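Notes for the one structure printed next.
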Amino acid sequence: ATELTMYYPIAVGGPLTDVIDGMIEGFESENPDVKVNAIYAGNYDDTRLRAVSALKSGDPAQLSVMFSIDVYDLIEQDLIVPFDDVVKTAEDKEWLNSFYPALMANGEVDGKTWGIPFQRSTIVMYYNKDMFREAGLDPEHAPATWEELVSAGKALSKDGKWGLMVPSTGYPYWMFQCFAIQNGKELMSKDGTETYFDDPAVIEALEFWRGLATKEQIMPEGTIEWGTLRQAFVQGQTAMMWHSTGNLSAVKREAKFDFGVAMLPKHKQPGSPTGGGNFYLFKNSTDAQKEASLALIKYMTAPERAAEWSIATGYVGVTPDAYETDALKSYAAEFPQAVVARDQLEVAIPEFSTYDTARVREGLNNAIQAALTGEKSPKEALEGAQAEANRLLRAFH
Amino acid sequence: MNDMARLQKQRLALYGWMLAAPALALMSLFAFYPAIATFWHSLFTRGTTRRPSVFAGFENYQDLFADPTFATVVWNNLIYAGVTIPVSIIFALIMALWANAHIPARSFVRSAYFTPTILPMIAAANLWLFFYTPDLGVIDQITGFFGASPTNWLGQPDTALASVIVVTIWKEAGFFMIFYLAALQTIPPDLREAARIEGAGRWTYTRRVLLPLLMPTTIFVFVNAMINSVKLIDHLFILTKGGPNNASKLILYWIWEMAFAYFDSPHAAAMTILVLLALGLVAVAQFRLVEKRTHYR
Amino acid sequence: MNTAFASHHAKRALPDFDKVLDALGAWVLAIVWISPLLFATWAALQPSGTALGLDFSNPLTFENFTYVWNAVPWIGYFTNTVILVTLILAGQLVLCTLAGFAFARFEFRGRDTIFILVLLQLFILPEVLIVENYAIVSKLGLFDTALGIGLPYMASAFGIFLLRQAFKSVPVELEEAARIEGCSWMGVLWKVYVPAAKPVYLAYALVSIATHWNNFLWPLIVTNSPDTRPLTVGLSLFGAPETGVDISVISAATIMTIAPLLIAFLIFQRQFIQAFLRAGIR
Amino acid sequence: MTAQTPFIQIRSVSRVFNGGNGVHDLSIDIPRGSFVVLLGPSGCGKSTTLRLIAGLETADHGTIAIDGKDVTNVPPSKRGLSMVFQSYALFPHLSVAENIIFGLKVRKTGKDEIKSRLTEALNVTGLEGYEDRKPAELSGGQRQRVALARAIVAGHPLCLMDEPLSNLDAKLRHSVRKDIRDLQQRLGITVVYVTHDQTEAMSMADIVILMKDGRIEQAGNPADLYLQPATAFAAGFVGSPPMALLPASALPDAVIPPKTDAGRLTFGIRPEDLVLSTDTSTKAWGISATVTGSEFLGAETFVYVAIPGTSGATARLPGQVHIAPGTQVSLSWAGAAAHWFGEDGQRLAPTATREAAREPNTSFETDTAIPSL
Amino acid sequence: MTAQTPFIQIRSVSRVFNGGNGVHDLSIDIPRGSFVVLLGPSGCGKSTTLRLIAGLETADHGTIAIDGKDVTNVPPSKRGLSMVFQSYALFPHLSVAENIIFGLKVRKTGKDEIKSRLTEALNVTGLEGYEDRKPAELSGGQRQRVALARAIVAGHPLCLMDEPLSNLDAKLRHSVRKDIRDLQQRLGITVVYVTHDQTEAMSMADIVILMKDGRIEQAGNPADLYLQPATAFAAGFVGSPPMALLPASALPDAVIPPKTDAGRLTFGIRPEDLVLSTDTSTKAWGISATVTGSEFLGAETFVYVAIPGTSGATARLPGQVHIAPGTQVSLSWAGAAAHWFGEDGQRLAPTATREAAREPNTSFETDTAIPSL
């Protein structure tokens, strides 16, 4: 029998290990000759650390769910193999094409596919319909452009409540990607060797973000805490928030009011980055293990499982087929907010990721936070980050 | 000297070694050997598929000194240490004095001071995260009650580090209190009476008698606090992740990032070695001081 | 005859102002200090999403506890934690006792140098040596065992230091008396030094238990299965970096992880503190 | 007691602890410039009394006046006194000099004055050259002197001492005893001194206050206590070896005072007043006893005898005396040497005759080197 | 010394510490069943000697034999002895009973035997009823008894004691002294006892070994030491108040022994042998001196006198003596009471006459109650 060790993180609150265990059981009963050790390994950082420790000290592990954006580093560290090497049959190749392209984008480097989407999110706008009504706004029409966003925000900001909150700790670059893409510019090249932080459109995007607090005063100043934002929203502290779709289930559970979910407003164009975790295959495994791993991944991303996972977590279903399942269909019917993320995938871009990604990202994060806290002007901050990124990426051209 | 006596001495030495050996072996295995390996590691470049690792001498160290983040992080850590160490020691001392005094509900007070010690840092940080939430958080609700405007404690460069520091002090003070409490019990009560008769008030007694007598404890606590000021970063993962814009990033967090997020273990190793060196130096100075100051015991 | 006295009944001073202030200060500080825990208790009893309002008119609910209780095999994790903590403590006590005894009472060449090395270990942060330590544990074949989690912590410099101090403060006469009565070296250690250092053991045990009860990352990394994982892993499921945590749920989970320890502490508070006091750690 | 107002007046002071122990309704007058010793067994309330005077304890009832001023509720530092503790209570982190001038510094005395007073205190206590040592680097006797120096440096007219010699060895104790007494007389200060050692009390005191169970048993000068103990307790407590206390019923009728009931009387005799005779026929009367042992101390020998119906007695004989255990002896004494106590332990008057025999005398001659055989 | 082989034989034993202190070339024979006291000032090597016998120190040179067996390199537990420490060294975590039977248990003695021995030891030391207390719950005297019980329970023929009474107060010390001596005699064991208190040594010992600077100064029975001190050091050390040692040059020529050089002689006189006279004309000779003070101790009074050219002397007078400081007196003594020491501190023979006067005597009569006026 083939034995597989798989690490996975849980990055949204709750007892989701049970769900995973259930899937694994299902897989094992369908493939009795494969034994899977699915190991919960904390959050994304813990999981990466766990995988690195294990691989570096020669412990066998065949696959893992890790950050989709770690792909360049994992390649650089020579830890993973592309799926193209494992996928043999036409059917399998077909399977590779069955995912939403926006979700596949992060896993494709140098023309090869290194990651298969599993727990993927995107950013959507949650809004408090009650507060919209109170402010005399149409609760069924969420702001669709930056202008509408600002004017609605102004109408909603009163009595110590805010119109909008966009979190800027934890994953500032992610939120910033929204503004940048909406303003018509992606932050990095497809091959992950270039960044465009000092592009005027990008600088303008950051100026707009900062302006929401300083000029328009529809958002509090300083950075906004990622971790507590949902609580602020469900307690009516802000009328709108931009946040991961991963929050959907929690907001649904917690909000005591009527809330809506909308695509992010557009400016020059609509758009939002994807996020979350992909499946990776580790290098030092036998062919049989690789095959079994592939089978496992296929099982885990099959429409039924994708639907189940999506309902349980709020993550997007990774294939269009998932949305054709009865489970997700009926869920969407009763809770239409659930399909907004999918709809947005049409205009989604890959999450920010380059070579030496953590460091480049860190530079960007710092620049964004420096601008939002007023330490630097957006231009100054982003130019600094760009210079840093150039330095780091020079080696990879 | 008598042969048998010499033989006996040798046998005792052997016993000594045998007794210490298991602990030393484990220590070597899990501290000394890894530390040396770390040092060795720090002399090589980061290996990637494109560029295999090569010997680089002290280049990694030079890189660090050239990196402005290094300066920021060191500076942050100095502030962090510079505030948490004395403040938690002072709190610990005050707590100990109170917990040792004859006040009503003394066991409640002692338990209250000590409780943070047994809370997992991660859990504690999660609680504090919500304390710090602007507007909604407990702190802002309280300050708001007195008419202050809401503050984005964790989101501003000038309050983020301070907020982290507060949590650290809260977590540590009760632990150190225990040591002071123990030390206070060993001070004979008649010293206080003698001082009273000599006309010393409470403050004079504290300053001129109590504090000098507690010096050995203070040094012990100081060393612990110093180690913690480098070691205690769990809450950063939850509270600020070192932000905004590195405003609250501490050395160990940065090492952690380098090693496990940037995949840059050589630089992380170099940084680790620097930290070890610095701590070692301070420690040696401390122990010197201990020997001097505790001479009268 | 006694001109100096106005009356035989002296006027008694008011309750000491200083003392009142002391008590007030101590209480205020105490309340501030446990306020996070009080808040957590409050939050855990609130329905999700309303905890931050501090709206005291809300009805209290145990749904968070039910939810958290059903989410994780707490009993198993609890057992694992107890086993782990006990194992570490036992190992520490044995190793530190032997080493502390050696450093306190035996003369051997290089003793002081080695002792300084031991103290240096205080500064070697296990957090950054995780990869190396993982490799060692894995090579020793102790992966995913309680022993594997515990081993790196067993030779505790802190423990050796404390016990050495404790042993040094035992009067030599006690040892000599025991030797005259026929005790061997081990007998002396076991019958004289260990009992004499009992408060130190208690105090050290308290610190050790509190530390390892709460350790998360290392156990997470060197374990694979729920059969060995400790309570904190259960707790970690409710921390959610990607979406932000639910304060009510995490509070409930926190309270459940620390409850056994906290209750034990509250019950044995007096003894614990007394233990510390008698330990006379300096 | 004395004609002038007493320096310290303690009036009906009580201080009762939870257990019911403490001191009860105590009244003491202490004349200025006197050396007063509080004597008594452990737990009798000596320290409590001293601490009441010092202000370290507050009286539950009653008043305390020092130098005519009611200090009952005055804090210790304002009472103008100093104190020497049994443990010396030296500050271990301060040098000898710093210890001595601690109080002066606290009271912000001028630098020059501190210096001159320190020099004097060092001089008086013979501590010159030790200024810079820490207490841990001193011997017991030296520490004791530092405590003394600290007590006298401020020049307070009253000094309280709580068993200041009990941590010294016998030899040292003897010499420091003298030093303290000399110092007190030279400085003319009032000293209240606590001890449970009757030898110390006898040799140092102007007035001994013997306490028991929180009350005063007898107060007076040492000779009074020794020669005319007011109670059986005082008789047994003062003197070493102690006075033998025998039930009168064990004595021959001849010696029982007339008009008393032997069944209720207690007879006391000091060891040096006991006459031992192996020739039981020479005296008209005598108590027969058996020697149980003897102890040779150089200048004298203690002989222990068992007397049927009693707990025994000790005789103190000069020089070396060899007497085998088991020897039958007859005990007798000069009539004036006998002490009689009633059922309540109170002394029975009159016993004045013997006291007269011991009147002070400055012309005399003695040679005890050869025991009278 | 005795005809039979000594129980303990110490032959030329040295143990020198780094500082050069310790004991040097010590040879001692201790007869079986005797009570031997090692006496001497602090630091003279008493404890070291005891610890050498116990095996807690190892000799650098020389041999030690106990009961005819060479034990020089035998560990303490195999020497068949027990020891009482100054601090008692009771195990604080064990109850009285457990403390006592500690050694028996370690040696795996049978349960029943342990029980019976414990009962006996408790009985002998009067500790019945205290079996279950912890040492901390006992008074000093009781602790001392526990230490004693632990030492005797094993029935070893040799018991070593290092200042076992120095933590007790004066009164208790006196009674325990007797108990220990009685116990030793009852059990017939050999005791080596360390003390720096000469009173203790005098009253307890069969043989006193007086040490100084790691060497033996004088060994003999107590009377020898008191009456015929071999050296000036021994003369000054034994006796309280100590013998006055005066340079012969301060004495009138009449009293200087013939054919000696007064400039090199030291004269010694015991306090009880000094005769004080205020009438300076009655005697043919006398040293004039000034009274500096006196101390009344109940049964006797010490009078301190200053003698020009000397460090002064003490006279011991029975009863209470009032004599004002400053009084001029004349000092004299019975010729046989004088002790003479040469320049090297050694006693000068002959002094036999006076010794004869103190020969043991079992028939006597004494009455010192009234001082000779």
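Think of it as A, B, C, D and E in the order they're written, each chain with its own count starting at 1.
FYI, contacts are C-beta pairs under 8 Å (C-beta built on N, C-alpha and C of every residue); 3 or more make two chains touch, one makes a residue touch a chain.
The model shown is predicted, which means the values in this text are computed figures rather than measured ones.
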Partner chains that subunit A and subunit C have in common: B
Chain with minimal offset from the mean of all protein Cα atoms: C
Inter-chain pair with the most contacting C-beta pairs: B-C
Between subunit B and subunit A, distance of the C-alpha-averaged centres to the nearest whole Å: 36
Centre-to-centre distance between subunit E and subunit C (centres being mean Cα positions), rounded to whole Å: 54
Length of the line joining the C-alpha centres of subunit C and subunit D, rounded to whole Å: 53
For subunit A paired with subunit D, centre-to-centre distance based on mean C-alpha positions, whole Å: 90
Of all residues in subunit C, the ones touching two or more other chains: 51-53, 131, 236, 239, 245, 247, 250
Two or more partner chains touched - positions in subunit A: 45, 49, 52, 170, 227-228, 231, 235
Contacting residues of subunit A [partner subunit C, same complex]: 5, 10-18, 37, 39-46, 49-50, 52-54, 56-59, 121, 170, 226-231, 234-235, 243-244, 246-247, 250, 253-256, 275-276, 314
Contact set on subunit C toward subunit E in their complex: 171, 173-174, 176-183, 187, 191-192, 195-196, 198
Residue ranges of subunit C touching subunit A (in the complex, touch as defined): 48-53, 70-72, 130-131, 134-135, 138-139, 143, 217, 220-221, 224-225, 233, 236-247, 249-250
Residue ranges of subunit C in contact with subunit B within the complex: 18-19, 22-23, 25-27, 29-31, 33-37, 39-40, 43, 51-54, 95-96, 98-99, 101-103, 106-109, 111, 114, 116-129, 131-133, 136, 151-152, 154-155, 157, 160, 185, 203, 207, 210, 213-214, 216, 232, 235-236, 239, 245, 247, 250-251, 253-254, 257-258, 261-262, 265-266, 269-270, 273, 276-277, 279-282
In the complex, subunit E residues that touch subunit D: 166, 169-171, 174, 177-178, 181-182, 196-199, 202-203, 222-223, 226-227, 238-241, 270-273, 275-279, 293, 295-300, 316-324, 327, 333-334, 337, 357-358, 360-373
